[in-house]
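Here the structure comes first, spelled out in structure tokens, and everything after it is commentary.
A, B, C and D label the chains in the order they appear, each numbered from 1.
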Amino acid sequence: MDAILLQILNGLDKGGAYALIALGLTIIFGTLGVVNFAHGALFMLGAFCAVSIKAVLGLQKVTLSETETTAWGTPLEITQPYVEVWFGDLGATILDYSVPVSILIAIPVMLLIGIIMERGLIRYFYKRPHAEQILVTFGLAIVLQEIIKSIFGANPIPQPAPDSMKGMIDFGVAIGFDAGNVVYPVWRLVYFLFSLFVIGLVFAFIQFTTFGMVVRAGMADRETVGLLGIDIDRRFTIVFGIAAIVAGLAGVMYTPILSPDYHMGMDFLVLSFVVVVVGGMGSLGGAVLAGFMLGILQSFASMNEVKDILPGIDQIIIYLIAVAVLLLRPRGLMGRKGVMEG
Amino acid sequence: MRFLGMNRSDWLLFIGFAVVTLAGPIIFSPIGAGYPDLLQKFAIYGIFALGFNILFGLTGYLSFGHAAFLGVGSYTAVWTFKLLTMNPIPAIIFATIVGGLFSAVIGFISLRRTGIYFSILTLAFAQMCYNLAYSVLTPITNGETGLQLTQGDPRVLDVAFGRDYGAVLPSSDLFGIDMTGYPGFYFCGVMLIICFFITLRIFRSPFGMMLRAVKSNQNRMNYTGLNTRPYALTAFIISGMFAGLAGGLLAVTDPLAGAERMQWTASGEVVLMTILGGAGTLLGPVIGAGVIKYFENIFSAFNETILMQAYSALPEGLQHFMVTLSSLFVGEGWHLTLGALFMLIVIFLPGGLMEGLRRLRNLFTKSSGGQGPGNSAETAHSATPA
Amino acid sequence: MSILTIVDLNKSFGGLRALSNVNLNIDQGSVHAIIGPNGAGKSTLLNCFVGRLEPDTGSVTFDGTSLLGIQPHEINQLGVSRVFQTPEIFGDLSLLDNVMIPGFARRDGAFKINAWNPVRRRGPIAEKAMEMLKDVGLDDKSKQIAGQLSRGDKRRLELAMCLVQDPKLLLLDEPTAGMARADTNKTIDLMKTIAGRGVTMVVIEHDMHVVFSLAEKISVLAQGTVIAEDLPEKIKGDPRVQEAYLGGAHL
Amino acid sequence: MSKFKMNRRTLLKGTAAVGVGLATPTIFTSKAWSAGYMNEPKGGTVTFGFNVPQTGAYADEGADELRAYELAVEHINGGGDGGMLNTFSSKALQGNGVNGKKVEFVTGDTQTKSDAARASAKRMIEKDGAIMITGGSSSGVAIAVQGLCQDAGVIFMAGLTHSNDTTGKDKRANGFRHFFNTEMSGAALGPVLKNNFGTDRTAYHLTADYTWGWSQEGSIKKYTEQLGWKTAAAVRTPLGAGDFSQYITPVLNSGADVLVLNHYGRDMVNSLTQAVQFGLRDKQVNGKDFAIVVPLYSRLMAQGAGENVKGIFGSTNWHWSLQDEGSKAFVKSFGQKYGFPPSQAAHTCYSQAILYADACQRAGTFMPSGVGAALEDFEFDGLGNGPTLYRGADHQCFKDVLVVKGKENPSSKFDVLEVVEVTPRAQVEYPASMLGGELGPYNNG
């Protein structure tokens, strides 16, 4: 019982990440009609926003030691972050909170990246065949990740959560289990709540604003919206920017769970596509539902009890579910007819 | 003029293709690609892409799981070597058949859906194959290490014919001709030529016309009395068999089969080869395969020392600058070049490299009446891939 | 003798009754028009003939075979061809290919792997296709890509694609909609020629000029039921028809 | 047999000639088909092939390997400060190249994929005329390339490969490994674990689901169970799983008090980071402090796990903080050239290049059988691991193994590990027959 509870919890934060990436992907599908293979790269760029911001905050004042030397004979460099030199303890706190702080900066940065991508490249591909969209965005994804690699290297870069969020919550005690049996890291809870918050924001935005109304209309029938005389180009740009922000924020907040490296976008790309398709192309609710569903089922499939009966099931569960869903429900859980079937 | 039902320009195309293929070692050596392994890869991935193009280029079904058939072909071939004989003929026959069987099963299920749903289904099947081959199926696939020959393999047919390889590990040989090096390339090259011939026949046949119709308008096909699913499935199986053959040939020239051959990135690679060269064209996929393999093997090999030599004529400061700049794109940065190339091609040449060639040709032959003489099959090629 | 018999056909979408108890007989060799105001169920009816929709109850019998529960391509192979309201053609193939494909479908059936011999540009199928293109006046464009044609030409191409199959029954869904008057007249002449060859035709049409130039019999559909079925001249004066079309205001 | 082989080669030449026709005269002058041995150097230079991952997850390790190789070539050719050549017990190399020939090198990208690695190695052999292939950062690739070099008839000097199979089940005559293996990791870690955690422990294994992971799991199980430890469970995790939480949470209630992470590279970084997040490092089970063990440490990768490595035990082949003369010379030479200390991957690759060059010099030839004979049962010292034996029976180096621990108070970002114990070579030796496999004869191409 406690094992199952734990796996549900595990599924929630994983599902949160899947849902956030898939959400942006499906918005782009639905409104712009673009298959964006660079969406994983946006997630990765978000994560590297956090890395860069920590690097900037952590810019160090270097003094050469007069007495000590390194193992290879040069004088030892003594370093101290400038924020600490300037602000003392406050600086140390800012550094400690670099991941949450990154969110504030990642929003404009990702919006800018999204706008540049859309204006500079994606908009020329609205009417092009899906295969060409895939190729060009895939090329872009490779270029972006290689640029990141040449700047930051290939190894993962640790991004610890703030000290105050490193601990765990003992859920079990609250509902009658022994202490220490059902625990959940604070940061993962933060991530889950954060993802709910962002999903809620996106939904509210699309549901309750006039801008969102156009987006919804666009997802229902792209042709007609073009005829309404609305400046659809500008709105598409903003839609892409929003999708970029959502993916980027998912990346920023995920860094304490998964040390970012340049390749992480590709790893999430395939998964998020599966999530989008299982949820139903162009369906926001479907993406979120499928994200959490796959996250939780993946967690269950990884339990020893399950693996004993079906060896290797944890490796293929996501794909197995995708196949089953697509065969039983041709357009995914909540997809509509005619979207992306051509 | 017709011979075997094919007109003169098709025969010229075919003979030209065969000559270029067989003369590969000379033609490609000035650009540093005239060594056996890369030539073999050109031929093998050419076959893979040709087959993929029959599915994607003609019917428009974008499969993201074709690497699975390549991998299955390789495993089959290595097992044939281990159990039966080191002769490559049975190995490639079995590889083609098993590739076909796998594609029949996966195709039958996946073709129940169209568009991106079809793509994701094929992707899911291929990823399952890959993940299982890497881990749980290790007794059959030897997992990460890859399936290799051992001295203790039974090789019953070789034993029956008194063939003894002694204490060394055998390599595949065609009645005494070792399938490594140039002979290996010629074996693959001949296979490529045969496959090209088959593809050419399919392209020009009523069947090929039906496949183009599948891509163009399935609704109309149905109301025209044609059953689209078996056409698409046949194309899927043919391309699966090509992939199986390519996988078998990989094992013939190098008897090792690794699981990563089946990963989605490998499936993506063949998609890129096809689109890069020009989906739906005859030559495009082979050219695309060559370009990508060339980048992978030659661009990745440039290191700083080589760059320093290349720019040695420049003054030292500029030399260092140029070396630093260039090294972003070669050596460990070869992926960057590849990514940028994809973008440039799609943005400026949506029909792939073949469209570039066509534009060049039109540039030089503007006076000769533009599009007039092209028959319908030719013009169908110029349609953008969807 | 009736070639297509429809008995008590019913079809609902959700709560909406699109067809209720439709009975219809199409005589062999006749040109039968189905008219009616927008939303009367004309296209729904046609869709039930070709397997695009499955009726809730009732029967559709063509030449002694029930058309219910079988695939569109099987229905076509029985000899039923259809021209759509928005032309369904192979947009990125040449006109000649567009017409040859139905030719192959007629010769080889629903599926045949005919992958070794090249398409013969001078064989019987190509010749017949050219003939059909000539009939619809598109023979000079046979090498063009079909997607580049004007809308009217696309409709004529689609007609050629149906005719090349020598259908027993030809279903036409607003064959002249959106055409200029001159084109419409050409189409009418063409269809008269076809009718002269003994092909049974069912035409759905809004343009009364077309209907009355062609039809030998007219059924009027309103709100999912056949309210009148008679010879053209009788239909013209039928008050029920005027009521259905004009809401009686004009009376 | 050798007679048949001769015949076969003649036949081969003949077919090649027929096949290519008159058009390719180069084929007859190509090194690949000349008599003697594969790629026998004819001019004043000899070419080494450095096959390292330049793209993919191990690209940083590959880059470090490449730096080490360039340094080694510089030293062999007499450039730089000579590095470990000065401390190396064999003084055969004179700083004028090898056998009077200047060393040149070509590079290639393994992509950490067997296929790509073999293609890259083949290019170096067929096109660039490489006499020896070296490098790599994973066992699958090492075994694949080793098999290729055996077939092609060149020597393979393995880079970073830790699986037993490289010099066990899949060993080849033409292949040599300087790096240690999972068996040695287990043997070295055993006593240290006993001293630190006692004999009454229950271990829970998380194992990367591929051959190296299983090999590592087997070795650690074997040596910890000898101590009296119990194994609660050994769970296989998919390679590149990213989020390991679903595998970590069952540990909480399993009753185990030690978690063994048989992961390497990114998997190690992620699983360790996440295990610490779930509080396992600070947990108490059965009145004992919970412990995490990472059997194979890589300093480069440990940096990726940041402060999470603190206090975590593991083993490593070499570490830059070692104070013997060889290590000091190497760190100085590398650090001055590149500005940071070398990784264990760099060290093993540097050593392999030096050992190969030295063996060629001593043998007076580059012929694989001759070089191999010079390497077999070669005893040396001064390359940073103490007195070392290149065992002839399986082409595996035997040397001291380092047991390390994540440092509590690192002085720099490179200073993440501290050496807890240097396990003497005698303690990690095992009979060559134990791991099976056959070397077979040398192939000279």
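Just so it is clear, a residue touches a chain if its C-beta (ideal position, glycine included) is under 8 Å from a C-beta of that chain, and two chains touch if they have at least 3 such contacts.
This one's a predicted model, so the numbers in the text were calculated from it and none came from an experiment.
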Least hop count linking chain A to chain C through chains in contact: 2
Relative to chain D, chain with the most remote C-alpha centre: C
Chain whose Cα mean lies nearest the overall Cα mean: B
Approximate Å spacing (C-alpha centroids) for the pair chain B, chain C: 45
Inter-centroid spacing, chain D versus chain B (mean Cα positions, whole Å): 33
Centroid distance [mean C-alpha coordinates] between chain D and chain A, Å: 35
Where chain D touches two or more other chains, by residue: 59, 63, 209, 236, 238
Numbers and ranges of chain A residues touching at least 2 other chains: 312, 315
Contacts with 2+ other chains: residues of chain C: none
Which pairs of chains touch, using the document's own definition: A-B, A-D, B-C, B-D
Of chain D, residues touching chain B in the complex: 1, 4-5, 8, 11-12, 15-16, 19-20, 23-24, 26-27, 32, 54-55, 59, 62-63, 66, 70, 105-109, 113-116, 118-120, 122-124, 126-128, 138-140, 143-144, 147-148, 150-151, 165, 170, 209-212, 236, 238-239, 438, 440-441, 443
Interface residues, chain C side, partner chain B - complex: 50, 71-74, 76-77, 81-82, 84, 88-94, 96-97, 100-102, 104-106, 108-121, 143, 145, 161, 165
Footprint of chain D on chain A - complex, ascending: 2-3, 6-7, 9-11, 13-14, 70-74, 76-77, 149, 153-158, 160-161, 166-168, 180-181, 183, 185, 187-188, 256-259, 261, 263-264, 267, 298-299, 302-304, 307, 312, 314-315
Residues of chain B that touch chain A when the two form their complex: 56, 62, 109, 112-117, 120-121, 123-125, 127-128, 131-132, 134-136, 264-265, 268, 271-272, 275-276, 279, 328, 333, 335-336, 338-343, 345-347, 350, 384-386
Interfacial residue positions of chain B with respect to chain C in the complex: 5-7, 10, 201-202, 204-210, 212-213, 215-217, 219-228, 230-231, 234, 374-377, 379-380, 383-384
